[in-house]
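Below is one structure, written out as structure tokens, with a few remarks after it.
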Amino acid sequence: MARDTLKVSGIIPPMVTPLLGRDQLDVEGLERLIEHILSGGVHGLFALGTTGEAPSLGYRLRRELIDRVCKQVNGRVPVFIGVTDTSFVESITLAEHAATAGASAVVIAPPYYFPAGQPELADYFTDIVNEMPLPVVLYNMPGCTKINFELDTLSMLFKHPNIIAIKDSSGQMHYYHSVIRMLREFPDKTVLIGPEEMLAEATLLGGNGGVSGGANLFPQLYVELYNAAIRQDIQTVNTLHRSVIEVSSLLYRVGRHGSSTIKGIKCALSCMDICSDVMAEPFGKFIEPERAVIEKHLAQLDDMILSQQH
Amino acid sequence: MARDTLKVSGIIPPMVTPLLGRDQLDVEGLERLIEHILSGGVHGLFALGTTGEAPSLGYRLRRELIDRVCKQVNGRVPVFIGVTDTSFVESITLAEHAATAGASAVVIAPPYYFPAGQPELADYFTDIVNEMPLPVVLYNMPGCTKINFELDTLSMLFKHPNIIAIKDSSGQMHYYHSVIRMLREFPDKTVLIGPEEMLAEATLLGGNGGVSGGANLFPQLYVELYNAAIRQDIQTVNTLHRSVIEVSSLLYRVGRHGSSTIKGIKCALSCMDICSDVMAEPFGKFIEPERAVIEKHLAQLDDMILSQQH
Amino acid sequence: MARDTLKVSGIIPPMVTPLLGRDQLDVEGLERLIEHILSGGVHGLFALGTTGEAPSLGYRLRRELIDRVCKQVNGRVPVFIGVTDTSFVESITLAEHAATAGASAVVIAPPYYFPAGQPELADYFTDIVNEMPLPVVLYNMPGCTKINFELDTLSMLFKHPNIIAIKDSSGQMHYYHSVIRMLREFPDKTVLIGPEEMLAEATLLGGNGGVSGGANLFPQLYVELYNAAIRQDIQTVNTLHRSVIEVSSLLYRVGRHGSSTIKGIKCALSCMDICSDVMAEPFGKFIEPERAVIEKHLAQLDDMILSQQH
Amino acid sequence: MARDTLKVSGIIPPMVTPLLGRDQLDVEGLERLIEHILSGGVHGLFALGTTGEAPSLGYRLRRELIDRVCKQVNGRVPVFIGVTDTSFVESITLAEHAATAGASAVVIAPPYYFPAGQPELADYFTDIVNEMPLPVVLYNMPGCTKINFELDTLSMLFKHPNIIAIKDSSGQMHYYHSVIRMLREFPDKTVLIGPEEMLAEATLLGGNGGVSGGANLFPQLYVELYNAAIRQDIQTVNTLHRSVIEVSSLLYRVGRHGSSTIKGIKCALSCMDICSDVMAEPFGKFIEPERAVIEKHLAQLDDMILSQQH
């Protein structure tokens, strides 16, 4: 996929990483998961993001995953690889592996150990983008990285031709709308929304799509919501948005910690016989009674979502 | 150094990592730095901590650093190696390298991308300590990891024989005193204070020493302060404590961002012709006018500190 | 306005408090401001909220303001009075004054000095709502109160018949959509969005309107946006939403501190010859060069907004 | 007490406010409490601080309390009155009442609803101190006010002759030591530590005393600790410091919320038959099983503390 033709838009699910153990991929589960997601008509696939537990995985496994994903997707949709790291050197190495494997772009959040100042953040991204072998999607994720791309920093970075988009997972729609406004000056850049709960509004009001974790489970739901929003079919948007909120309410709040979203998705995928629910440390998979709750909620959702699909 | 004889106490400086470039050690500077620090009579050496910019370094360089540090220290003092990582697998791999190289213990902070809940934190440490080839020092660093070892979690972890100490860099003396109180039940464990500004009080009131960044520059100052506190010579403690606060006030607040402390130490080491001041991304070294300020302040400090030393 | 007929919906501007001095109302400015706002077709008027600088005002002045507002509005629209206080007793006293003056409802955020736990918050609101002489709108404002109404707490409070709505100023649309979902169980309650930047999406996706600070300046803009969203005219919504974001971008970010929004609104009102821009401590009004910037931006906005109005 | 002779130092307990109900003082309890505290040899009495639940009390009750406290103390020690408020006007009014009643000084934290910027904070304090009829103690309490007196701001404010001291309740000893360093330039100002857990170190290393909540219960303990620290009797300091940590560990952590400290003190005072444990909203007093735990812990403490006293 040539750099100059890559338009980052639509639904690009942040794939979970199916694991059999701490350092072992669930290879068959991964294949099933990729086919399940692609069957929903998604516009890309994003591996090794937050939902993919990337920072918790060893590098060998990350490289194996990149290879397997690129090979299996085989050009059907663009593949985005998360290469966020606290170490500049390791980010570059991983990006080079992704380029060789045939990925379309990389996604990079700020280094997440030291809280950097904005000028330091700007310098970091200028330097790393210059060395990246693939187009770059910026990843705003202050909940995990402790730092936001402030608007002035972002405006400066958007001047770089190798930065093609920003994924905003801040959850701050105020900020998101400011980014949309800024894009008027940068017509070749795009913005994706992270939290799926805001996919409807983000797309209705000028955004370019979303990186929706729930699309691991129900890819068609998010694709149809995106399509309805693009054609400004507000009634369908409202119906599907309610389903998205239902998925979030029923599957992502079963546990007590911040990890509940990823645990809920992996547990549901396991209940759906798609892939294993093993988590990388520091998280552990849902066991009973949480698993039974997920199973029950999944049945409720299936009824609602299936009845809506065309 | 046998595990059963390792007592974590005294001044264990968190060594900066001298760099010539992003992925290149300043080998000669490293040698000079180690000798400079050891000449101050320190009780151990801690490589690859926060001050050592560990998360910003590539793994190859980290392994090279471990090898060089262990070889040069050559058993004169215990060597502690930071193996904190978001990936369990990479932590273990690095710890095994450290064990082979001859390190005495490893230091581990919580994984720092995902904010874990306390039960998740407890499980994580139980699992990783079980697999560690060396004794473990817990590292409480909520400013960078977003999570604190709550007292109940800590009390549970202290039951593990392979955990020998905690380094508390929270800066919360309220918490620190609670840890000291808890140690009455765990007489074989120790607690070190991170921020050197609290070394005096931490040691006067029952603690076991500190991991003082300023000991890269003035190792004898911190060693003498520690010794004075241990022998309850409160007048000398007050004099040396004032010098420590002076170091902090004059060298660690020259820049505008959180990185000012490490930048200040590295810049001062460069002014002292000990090692290079190159920083790993996302930070950059002080240039003018900051460097001139550091140089001026260093001269002021030299006068004060030299006049105190015996 | 009888309690049983009060439906909290539409645009209910949070009126600024025109001041001539620390303890002196700008009486004529207040009259002009009320007429200016009502001329835009708003659905209610909210005095003594955050935008009204209520916590910074003395109680005598607050009572005078309540009297003047109720008298001048004279039943044309419902009047909402903020009675948030750290002291239960003072909240009740102010609410009784508001009831006597003829206000329609009170608006209460959590007490904002001590950070309360959720059970404490639930008890507090149960107790205070029981003593309130008017219907109550809950006010979620974690940025100032340090506490969020968690969903379980809110669900419990919504069972109280005297609580008629919630104003959500958290800026967290994820949370907002969960509140909308909860309202399915409470069909007689409503939800208003605080930040005007999210008025479009909040109303398109099932909400009941907004408490938009910019409606002090351009009341018709927000009313038309609300109406377009209610009739699902997505194209008009997009046009007017862009104007709202423009107001926010041009008028609320001129200063450097969190106070920039209120300062910007008051400064613009002064430029429009509607009322004084004097602020209550701890804030001070914009002087040059900020005032000149506001004046210039206001001219830009006038062109854009006037060209859209019907 | 003449302004020019008031030296703020020693143990100045932040008195709880004994209540029979939301708006009713426990007058007899108040008398017993004042005598109990003064009997410990304290150096002053601070009413209407955080521990006194000041922001939760109505103004009438606050004025009654000021009158009763000043009358009963009757010049035996200086009386400090908290006049922190979000409203400048109400702060002044309360301070004037305090001056008339015979208080020695007022204590003011930043206004705590709007998070102000540092220049706004500096202006606010400059203005309010100018209008205060009594000397002013600054009160740094970022946990409740969301803002810190940064060092530059503090240095500017210390130039004002009417500001005589700062009470630092930030819990950040790093900051505290910087304040101590700054006082070298302001020899007529003093610094008190808020959290009693740091009273020992704060006084050993150059501070002037503390505002220790536990001195409501055991005034002599804190006075003896202070005296031992002043005469640099480090062994006695260590013994008494351990008791202070024991008080904190056994009495302030029985509940689950931030309110546990004040609840614990009031509950213990009630168990000691000194005054009522009624709390002002948003807090409620400890009932069973918490009260039984406090009672048991109090017995343990009595043994330890009584055995130490001379």
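Letters A, B, C and D mark the chains in the order given here, with residues in each chain numbered from 1 onward.
As a convention for this text, a residue touches a chain if its C-beta (ideal position, glycine included) is under 8 Å from a C-beta of that chain, and two chains touch if they have at least 3 such contacts.
If you're wondering where the values come from, they're calculated on a predicted model, not measured in any experiment.
Listed here as common contacts of chain A and chain B: no chain. Note: the chain lying farthest from chain D is A, by mean C-alpha position. Per-chain Cα centroids separate chain B from chain D by 35 Å. One finds 50 Å separating the Cα centroids of chain B and chain C.
Pairwise, the chains that touch each other are A-B, A-C, B-D, C-D. Within the complex, the chain C residues that touch chain A are 171-174, 177-178, 180-181, 195, 197-198, 200-201, 204-206, 232, 234-235, 237-238, 241-242, 245-246, 248-249.
The residues of chain B lying in touch with chain A in their complex are 22-23, 50, 55-61, 86-90, 93, 110-117, 119-121, 123-124, 127-128, 143-144, 146, 256-259, 280-284.
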